[in-house]
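Consider the two complexes below, in which chain A is the common component and chain B and chain C are the respective partners.
Take a look at the complex of A and B:
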């Protein structure tokens, strides 16, 4: 039997009105604009774009405001919005080697062509609260030095020349798209990378950390981490050529992993790869570790039972919108389900008591 | 009226420039649009941005970006087209009209009044960013210890 229950409408309207008021907060404090969020909370904006799978800083800022700073709720809003957009096509794969870098470091080579460029990083800050930020003030301009505009080469290319590192199989196959077809396991590496780059930062971080602590150890070094902008090009059929349709900021991490060889592969360095929208360094490093851990089968390594090696475990639990949806649905009315459970427990108790009395 | 069709490379260059410009930059440089009819859009949609495994291998889907496209025709019959980043319809419309005008005999004037300032602004922004990055480049030096003497 299905019983429809109505009557919450007035309560829901009132709840939404109060939500709007709480979102605004104390009206004697100036209202936050979405432009302020875009410019001053840019790392939150980047996370919402990466996990919302939609590069649009203005929309991400709006979502953060609407969600009162709850980033998973903001990601949910972006995911919902993107389903309303017609898909014009897919870009030509971006050339990260051509990136205009604002940050580029390597933990494996001290002296490398193009140098170690720190960029606007939190590294080397003392993590002491800066009370000057609590007061309004002008920020001194960052120093400059003679610029080089030519792209800096990928560090991996240097190791690749000597055959010391596994090379990536080239290809032009159309990659699977989990936003169009349900994810099928076992997943190809392109499908895994799509799932991880939009996966929850906290989950991917913990999975990566677990490999460092010994659960599917992969001995990773950051071969190169780079942050910067790349042009996005799209083939326009009606023109007969490709044009640049804009620029996106990306974070790319390539790990170099110690590998002593396996039944199928010679000793060499292997690679993990992370590529994420925006300045999202923690996520990109974590992504490259998880990518490498998931490659055990292809590289002929043993499955040690580590969670980060388990493709189904990682890919089916990485999405925070799916996880939130299923987790939070249990707070919605389950009156009829629960009534049935209640009846069942009462019946079992009656039977248990009756049989105990009979035994006595 | 219609000038010789521009080399595809030239057209690619200005279309990319309009796509990367901000809506405000374009409207400041080109306030009034000539008479035209809209053939398509302006329409907001998404383009799936792809990367490559390891930077060099198989393509994979990274995520989408918002894009607005528009196609117009000037009264002289020249068709202009635009795909620009973001959701600003006036940006796409203006870019499409400019694309058409740059294929007509008004091209020379527009190269000076629109393309040149856009290119200069973009070059300056890139230069400034690169200069700040360059200032954060590490200059390693080695400390020499005494006991090796």
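Take a look at the complex of A and C:
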């Protein structure tokens, strides 16, 4: 006998309690601290900060712990927290040319002022499982060298001196903030870059990859990839000058794209740009490719129908918090709509069967 | 919990949402873009409705939250609790006693009255979306009142099926101007949209849109003269309260194909049973169930 469903409240409480228990796992195993996550899973922390749009390694580590390692869930926790924070000002643009680099490579020049610095990269590791890590071995100390004090100028600046690369006019306008204004299309480049830098890494990666395979090909070289810390400075009106309020780690990627010229632009190299919180190399490279693909209109190129060229398609589907929410909401009750469909299909079937019988 | 502002959102955000609501009320059926915030529940769980409710609530309000017509579905429980925690407002299950009602997929059976606010959770606010996926295009179509496409779609339904094959989220034309998606309510509920004395507000969080039907606004379900709109429901009476004219959920009661039909509006069903109505499988009400 049917009784109207009651007890939603009790079920929710019980589910939450069970979840907390599962999160902790086997209690005979030591609990993971957020400091351990911050220090030892730092690339996960970086992704959560980048897509959560909030630079706070400790909160990101907490979110990862709370989300049981589900990074999209962790990003969601950070986003939901971020909305509650007041926006008390905007920093002056960070100066990535003055970055204290831990990694800086160029794929377009063998050597260049500031040098090639590999930094802590997976690039040339052989992907063999290191069973020593399972045995909790001590890591030998890495060799160090005195820091080079020479400046590390942007590769793009060097190309720009010869007019070989398309120049970017400096903009004085304050860029829009997509967390404070509804997205409007067509979007300006700053807005696009904002949406991509917080977009899902997997989505941006696949979009970039699709351009390499010919869906909106952009012939990209990594002109420069740099990772390091930059100072964040804020203008203080009472003081009349900017003061440093902290520093953030950033990954910046600038691509040099082959360009034979178009109806409106002379032959020269063009640029794609990627800038992401933390050490997030894959994302920054992917971002610069997608950025370049989306610039077809301003460069007078043809729209070939490639997904990565389609601004509305890319921007409306890049956000994993929106995507996962809408995707997963279909598990919520839909009895009412389903009932309406059920009645409709029954009626249509009745009529179809009746007319078939009449015909026979 | 006092770490957050009343009803969770800060006052600046609420002001921004209220502006969008007022604009929506001034232009009935028009989708107003607003800077939707990330809420502590996922997109798709009613973040648009929650933001609209948060912007409307005052401490004296009495809130009712329903999902699929029921007060006790899990997500309705969760949203009601959210506002109990963050706004401390009184809550109720009785439609007539509520000042603000947040709903997903239904309009209550009990007629609403002046002074009440009905807040809908909206997944896809654009009635033309599945005919034209681009927002840049659909906005233009609304601007130019270019609604031919949707009529063609309805016509094709008739040509193929002999009738309009849309059973929920059935589009309406508001005050002879904007075509509006009433959210995924069954078309059975469409007649209640029109000339309603309550304020009806629609919030789509992920899609960043708010729209509204002010009290006593016309909302005409799209149809053709020779194929008039029909508000349909399951052809049964409620098995618990014997109501003939309320929207019904179908419940599978065993694996032999047995079914029963019950009101989707739990408050409506409960009050009828309390008043002594007994359906086919019901028994005289003895308090709560």
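In this text, the second predicted complex is superposed on the first by the 351 of 360 C-alpha atoms of A that agree within 3 Å, B and C clash if a C-alpha of one lies under 4 Å from a C-alpha of the other, contacts with A are read in each partner's own complex, and residues count from 1 in each chain.
Throughout what follows, a residue touches a chain if its C-beta (ideal position, glycine included) is under 8 Å from a C-beta of that chain, and two chains touch if they have at least 3 such contacts.
This one's a predicted model, so the numbers in the text were calculated from it and none came from an experiment.
*Asks:* Just checking: does A:72 make contact with chain B only, chain C only, both, or neither of them? Give me first, second, both or neither.
*Replies:* neither
*Asks:* Scan A:107 for contacts with chain B and chain C and give back first, second, both or neither.
*Replies:* neither
*Asks:* Hey, is it chain B or chain C that touches more of chain A?
*Replies:* Per-residue touch count on chain A favours B.
*Asks:* In the overlay, answer first, second, both or neither for which of chain B and chain C A:86 touches.
*Replies:* In the superposition, A:86 contacts both chain B and chain C.
*Asks:* Counting only touches as set out at the top, which of chain B and chain C does A:183 meet: first, second, both, neither?
*Replies:* Only chain C; A:183 stays clear of chain B.
*Asks:* A:32 in the overlay: touching chain B, chain C, both, or neither? Say first, second, both or neither.
*Replies:* neither
*Asks:* Does any part of chain A touch chain B in one structure and chain C in the other, and if so which residues?
*Replies:* Chain A residues touching both partners: 82, 86, 179.
*Asks:* Spell out the part of chain A that touches chain C in their complex, as residue ranges.
*Replies:* Touch list, chain A to chain C: 1-9, 11-12, 76, 79-80, 82-84, 86, 179-186, 312, 316, 321-322, 324-330, 332-337, 339-344, 347-348, 351.
*Asks:* Which of the residues in chain C end up touching chain A in this complex?
*Replies:* 4, 8, 10, 33-40, 42-45, 47, 67-70, 72-78, 81, 105-106, 123, 134-136, 161-163, 165, 167-169, 184-188, 206, 208, 232-234, 240, 247-251, 253, 260, 262, 264, 266, 269, 281, 288-289
*Asks:* Can you list the chain A residues touching chain B in their complex?
*Replies:* 49-50, 53-56, 58-59, 82, 85-94, 96-97, 100-103, 110-111, 115-120, 142-149, 154, 156, 167-179, 188-191, 193-194, 197-198, 231-232, 234, 236, 238-248, 250, 252, 254, 271, 273, 275, 277
*Asks:* Give every residue of chain B touching chain A within the complex, in rising order.
*Replies:* Residue positions touching the partner: 8, 11-12, 15-16, 19-20, 43-67, 69, 71, 81, 83-87, 126-138, 140.
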